[in-house]
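Shared between the two complexes below is chain A, which has chain B as its partner in the first and chain C in the second.
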Partner chain A sequence: MTSASRSKSAFQIMGQFWSVAFLVVALISLEIWTQIQYGRTFVFSAYNIQAILVLASIPLIIAIGQTFVIVSGGIDLSTGYVLGLSSVAAAQVLNLASPHMDALPALLVAGAAAVLVGAMAGRVNGFIVATLGVPPFIGTLGVFGIARGMAYLLAGGGSTVAVRNPILEAMGNGSIFGVRAPIFFAAIVLIVAYYALRHLRFGQYVYAIGANRSAAERVGINVKRQIASIYTLSGACAGIAALGCCARYSAGAPQAGEPMLLDSIAMVVIGGASLFGGSGTIIGTLIGALTIATVQYGLVVVNVEPFWQFITVGLIIIAAVLIDQAKGKFL
Partner chain B sequence: MTLSQQEASGGMPIISLRGIGKQFGAVRALNNVDLEVREGEVVALVGDNGAGKSTMVKIMLGVFMPDSGEIRVRGQVQSFVTPADARAAGIETIYQDLALAGNLSIGENIYLGREPMRRAFGFLPVMDREAMHRAALNVTTHLDIEIANPRRPLGNMSGGQRQAVAISRAIHWNARLLIMDEPTAALGVPEQRRVIELIKSLKMKGVSIIIVSHNMNDVFEVADRIVVLLRGENAGNLVAAQTSHEEVVQRMVRGA
Partner chain C sequence: MTLSRRRFFQTSAMGIAAVGAASGASFAQDVRKPRVALMPGLTTDSYYTTLRAGAQVAADAFGLELIWQGAPDFNPVTQVPVLEAVIAQQPDVLLIAPTDTQQLVAPLRRAHDAGITVITVDTYIGDGVYQTGATDWSFPLSAIASNNIEGGRLAGKALGESVGGKGKVYVAHFRPGVSTMDEREAGFRAYVQENFPEMEVLGTQYNDNDASKAASQFEAVFARTPDLAGVFGANVFSAIGAANGVRAAGQSGKVKVCAFDAPETIIGDIRGGLVDLAIAQHPAEEGFFAVSAAVATFNGQSIPTKISTGFTVLTADNLDDPTFAKFIYK
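Let's look at the complex of A and B:
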């Protein structure tokens, strides 16, 4: 690592300080609770850690796409149902393809369909936001509704489309060297996204647009095309996450991503990204994802009703934004 | 006192605009305007609001095409179709809002849109942040600009420091001609001083500058020549040392 990136990450640690602190507090509280209640460790249990990672993995993939959008100064509210639409599309394609080919090619076709449908929905977001100039909050909310309707239509009115594919099931519930498959899934997306946002011009322009759009235009960056690409990327991430959902539930479901929308935005914001744009990192989003998943898993461990998860995440996201507003735009 | 531009300065003209006309619908923004800047010369472009200063600047930057007239850069006729053409000819601008990204470092701002790449592990393309940083150190040392930690994002830098960063960017890209739009307008008095000093040191280093300003004190402090526009026409081409605030203001209001 060069000293330049060291000093930059030192600067960004400020933005992630709260998320790390929150994660540590959550872990310590859970440790104390389980020690008192069950006389067992929470943190040093490989089972618990693995469960948290699996819980984090699929929303993290959406949150990674969302990180690019939020750093560029936008927001993508459509992802919840773009995921659902992509998962139904993948399930239908898989069911159509399965009688005619082996498990692997059928799965590849279905996987491509999921990513393609997600990317296309994202490209529509990009067109609405970048070309038509609709504020992202409204533009992507519109696409949220459109994707929702299309997902249910494509599912034939039912709430799920069941699939059977041994490789897909292994991806959802299998393990590689003792590590659950969805964790690998998310890790690959994480590494590629880290590289793109940190080390490529593409990522640099995401930051530049988020900080000062007109400056980016003046130095010759094609801002509209870049924004369109950012939303396309977010949609593609929802498509990848959709495949993860299909793998996990052996079904495509229109509503599969709905609860993940809030979670994924919370992950990005807790990770230190500013909703004003211009700041945020993939590592921050990872920390945010671990935080949210720990809280959600912890609430199950301490045995409260699952609906408290939504309330907690909702409160966390508001608190994170308040902290962001208090610390100003770049510090 | 008016004089022909040939007498004004001994150097080669860096840029020379002759008979520039520009019409927007029924509005004649510029009519037969001449402007010349010689090597190492600082020319102030002054005029009331709507006099055509910014249209003139945008023509030099390739944002607008003139309807008539010709632009020569170092004697060669040029037609700027895009801002990139103007930049390629060595014309850089310091915009009023500076066009900087506050979340990026000086080097990253200098290279924004033209980042150098290297190969990590021999194959993986990555941005070369060290090269950007080295260039930033080079240019800030050359211009005598002090920045506490050049690797940090611009963040909360003062207006004057940001101005210096914007100027560094232009100098790094070998600007032959720097166009500065109201460089001191948004600054406090001490900061204004520092920017004026920076303009003077650029001039010492042989950079030609067009400064668009309303501030007569700034104009008289740095400019060799003052070109006055009034309702889209030339209303004076004055040697700064041989004119006065009163004469300039009078020409801005009533013409030659």
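Let's look at the complex of A and C:
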């Protein structure tokens, strides 16, 4: 397995090279564009960099969970509404707990509820995919619908559940030493996930299952149990992201994660992961997230008409996958 | 109905005349031109594209550049990142239709703190009462919007008159908790109850903005209420669905359909006889007055904290009259 993982890392370095190149090209183009159009810098503006990092932060947390799933050869389509369900659950728990305790313990209880609800939804995905053997594309789509309905039910039919908690507000909209708080929030998840995928035995199992499932079974990995854990992890990430959403918008909302689902998958793929499993890294996903956030944010700054922004992001995703395929052929 | 229509028409006519004078006269050079950004609730809706067209008229009149940026769906999660990028463009005035009364408060305060004047159009934050200093959300200068309770009352009047002041009607509604639609429904109910003693407003039907669901709901209500006289479709899809239900039940012309909002689809349905009335809001007016207010405040003038724009009732009889046709959304 050591030699296999070594040759894999050569692929991974190459994949990351291309995604970094993409990001650099995007930043240089935007810099030139803003210089010409407004006579201002894009890249060397602390406001712009922070806004991009904040924009990337919550989708990145979902994308990190998705990275584990995709590397293992699966896909999790439920994360958008699992995020929504977890955010509504956290908001309701926070509103129930707040009259009875201080801000911090109430927030801890609500945070635990968000992660727990997300992880439970993920565990259901894991059961459907690993134990019942339903293809992940279909199984997680079913959970997508279930989570969506439950989120709206739990929100009482309304579109949002407003929350008030000073610590939560600071987490979403405050700054620490001039750096906006959501950036720290995502960074912590990033570091833990990086360590888990790269250095823990669990991470090695994820690659092994994605690269060759039957081989993984033969060497004695309990594949079903590992797959269940992988989907649980993805759900828990959606729960963590839900807490980030609650913090940023001072409300839980069923539809909060819907726009992030496809973006988060694109982030993983731009980061060099293969949808067939076996390759992909957390750093790659980070770069994918930064690329999408930079383009989405930058095109507004240079005032490109909104519909051209979709087209641009779409083209970037296709280009990234084409490069990914070419890389497979020529290396 | 005629009176209110005429009054609203006059307000907008006066506004246009004022700007015509301003741009034509020599003092136009003394007017400092702000950089104005306009952010809709969503970019893919004819209400907001019409609002943009009205704003562009004012922007052209004042000779200023109008930044137009927004997200494809009505969701704070997609609107807030666009807002942050718009803040980076450092406009002097931000005109925005916030996608949530609570969730946009903190992000908009960031724009305010960056020295940008915030004015809300169409939707609002908090309760829409600004400049009191008493609430977290009172920092925007002005709320420019149509009064949805008044719009609902106008729908009640128009539909009530159209059914001859008697019979049963109901409201086809999107989803409880959507403030603008709840207000339309409340205004509609209040007007009918106060003015048409022989009419009855049945229970509201919620359709999740799904036209086919609204259609089958009409058929179900009609099945148990054969003497149904009319439906108020409180938004576009509710009205389109109810109208299709009326046609399926073979009741076109007998059961009156009143739609709220006037995009081309509804106008087509009026011409085809599926819809009888449409309450057109005046999004172009909102855009026009929003830009005018931006210029005024940038030049040190005071502006009202609330500007209410009007409504027009469109029917098959007045659609081709240019005085009315200009209220069809573009």
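In this section, the second predicted complex is superposed on the first by the 300 of 331 C-alpha atoms of A that agree within 3 Å, B and C clash if a C-alpha of one lies under 4 Å from a C-alpha of the other, contacts with A are read in each partner's own complex, and residues count from 1 in each chain.
One rule holds for everything that comes next: a residue touches a chain if its C-beta (ideal position, glycine included) is under 8 Å from a C-beta of that chain, and two chains touch if they have at least 3 such contacts.
The shown structure was predicted, so the numbers you read here are calculated from the model rather than taken from an experiment.
Undergrad: Let me test your reading of the model: by the given contact rule, A:F17 touches which partner, first (chain B), second (chain C), both or neither?
TA: It touches nothing on chain B or chain C.
Undergrad: A:V54 contacts which: chain B (first), chain C (second), both, neither?
TA: Only chain C is touched by A:V54; chain B is not.
Undergrad: I'd like to know which partner A:E169 touches here: chain B for first, chain C for second, both or neither.
TA: second
Undergrad: Just chain B (first), just chain C (second), both, or neither: which does A:Y207 touch?
TA: First partner only, chain B.
Undergrad: Of the two partner chains, chain B (first) and chain C (second), which one does A:I221 touch, if any: first, second, both, or neither?
TA: first
Undergrad: Answer with first, second, both or neither: which of chain B and chain C does A:V300 touch in the superposed model?
TA: A:V300 contacts chain C only, not chain B.
Undergrad: Kindly classify A:H199 by the partners it touches after superposition: chain B alone (first), chain C alone (second), both, or neither?
TA: Touch status of A:H199: first partner only.
Undergrad: In this superposition, which partner touches a larger number of chain A residues, chain B or chain C?
TA: If we count touched residues of chain A for both partners, the winner is C.
Undergrad: What residues of chain C sit close enough to touch chain A in their complex?
TA: It is residues 43, 67-73, 75-78, 80-82, 84-89, 100, 102-103, 105-107, 110, 175-178 of chain C that touch chain A.
Undergrad: In their complex, what parts of chain A are in touch with chain B?
TA: 2-5, 7-8, 11, 195, 199-201, 204-205, 207-208, 210-212, 214-216, 218-221, 278-279, 329-331
Undergrad: In the complex formed with chain A, which residues of chain B make contact?
TA: These residues of chain B touch chain A: 83-84, 95, 97-105, 107-108, 112-115, 117, 120, 124-127, 129-130, 132-133, 149, 151-153, 155-156.
Undergrad: Can you name the residues of chain A that touch chain C in the complex?
TA: 38, 45, 47-48, 51, 54-55, 157-160, 162, 169, 172-173, 245, 248-251, 253, 255-260, 293, 296-298, 300-301, 303, 305-307, 310
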